[in-house]
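Labels for the chains are A, B and C, by order of writing; each one numbers its residues from 1.
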Amino acid sequence: KSGEMARLTQFVDNEVFRAFATYATIVVLKMMLMSVTTSYYRLTRKAFDNPEDTPSFGKGENAKKFVRTHPDVDRVRRCHLNDLENIVPFFGIGLLYALSGPELSSALLHFRIFTACRIVHTFAYLIPLPQPSRGLSWAIGYVVTFSMAYNIMKSVLYL
Amino acid sequence: KSGEMARLTQFVDNEVFRAFATYATIVVLKMMLMSVTTSYYRLTRKAFDNPEDTPSFGKGENAKKFVRTHPDVDRVRRCHLNDLENIVPFFGIGLLYALSGPELSSALLHFRIFTACRIVHTFAYLIPLPQPSRGLSWAIGYVVTFSMAYNIMKSVLYL
Amino acid sequence: KSGEMARLTQFVDNEVFRAFATYATIVVLKMMLMSVTTSYYRLTRKAFDNPEDTPSFGKGENAKKFVRTHPDVDRVRRCHLNDLENIVPFFGIGLLYALSGPELSSALLHFRIFTACRIVHTFAYLIPLPQPSRGLSWAIGYVVTFSMAYNIMKSVLYL
């Protein structure tokens, strides 16, 4: 039994895995914060998707008028979806990359740049900052993920 | 060659990994069931997104009127998207947590509460049940994922 | 330190893991290509979601008219979302399946069919091809993922 544990905690002893786990957790938590940001905008803008979410603002007929869209809610929803489209691939590709035995310094560079880009991207989307700040932060993170994918293919290709 | 196999099947011998694999598979399958639920609502409500999906109900001009929205379809789509926003982070964070060597009892508690919450959440969304049933089941699952993220950071932090 | 590395590079020596890493990287990159496809359609159809994305086509009042929807953009967006709903579960379930010690030949069969299906699905969605080409390619990939989930449960079930 203690043997089993020893075998899986190999991960905790590996620096590349620890670095991946740290940065991956940061960007996934950042993505999850979009949920509460959406709730905040829905409550302050009084714009909901579901009739059952509105009763605190009024009863019956009156409540239904809060089932509506609002530009601020739509914006944070688009930012959340963009996170799903980019952070989820980073997680998957990054995990395979971490398991394919890269150099620690190279792995850290990939993880740090991606994490920084997605934080800048979120502020650029929500404030919003003028372009190309959002476009650039998206593009650099995208290239980082492709770079990790290229390294995976170099290490493990098996068709 | 048999040595390689022995090395990877370490996972099958580890109870925390087996528990994660079991509950993660359950919630991912639950999420995937939203696809067929959507198809069911699209067919029974005759509400499609694509013109090429409608021909069985009519030809030419007539078919296009089924390219439309329906509140029931929209509801199941929102439920599916909410699953993506919550179950996918659970999968990623849960995997890193399982690999970071937690206590079996503590890991089981996290996995079971999250799984129960997402099943309740689905029924609360689709029936729909009055609030706060959906809000609470979402919030508890969310806190469970944050708790696993906190445990990862305690075990592996490497910036 | 070299001991740690040796331990994680077990993955690079395992054929099932290498096959998973290869096909999973292919389908995730395919999913990511939907982002640039969307950008391409947005630029050529001049249909944007955000006012700050439009300035190159006009200034002030004039720019706002490009904050609009376009059927081609909507179609590629639906295709991207369908990828998220199907490729992300494949990644998660496939990873657990690869770690649960399947036969190499059986694993390759699952990974290859799924990958082929999602490539067909993308062309069927974007061209678009008449049904049931898109429906079938979706359904076969869906069944492949369920089959891997069934195999995980057979190997590791721990409730």
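Some notes on this structure:
To be clear about the criterion, a contact is a pair of C-beta atoms (placed from the backbone, for glycine too) under 8 Å apart; a residue touches a chain by one contact, two chains touch by 3 or more.
From a predicted model like this one, the values you see are computed outputs, not experimental measurements.
If each chain is drawn as a node and touching chains are joined, the picture has every node linked to every other.
Bringing chain B onto chain C by least-squares fit of CA atoms involves turning it by 120°, to the nearest 5.
One finds 16 Å separating the Cα centroids of chain A and chain B. Taken residue by residue, chain A touches two or more other chains at 11, 15, 17, 84, 88, 95, whereas all remaining positions touch fewer. By the touch criterion stated above, chain A contacts chain C in their complex at residues 10-11, 13-17, 75, 78, 84-86, 88-89, 92-93, 95-96, 98-101, 128-131, 134-135, 142, 145-146, 149, 152-153, 155-159. Residues 4-5, 7-9, 11-12, 15, 17-19, 21-22, 24-25, 28-29, 31-32, 34-35, 49-50, 52-53, 55, 80, 84, 88, 91, 95 of chain C touch chain A in their complex.
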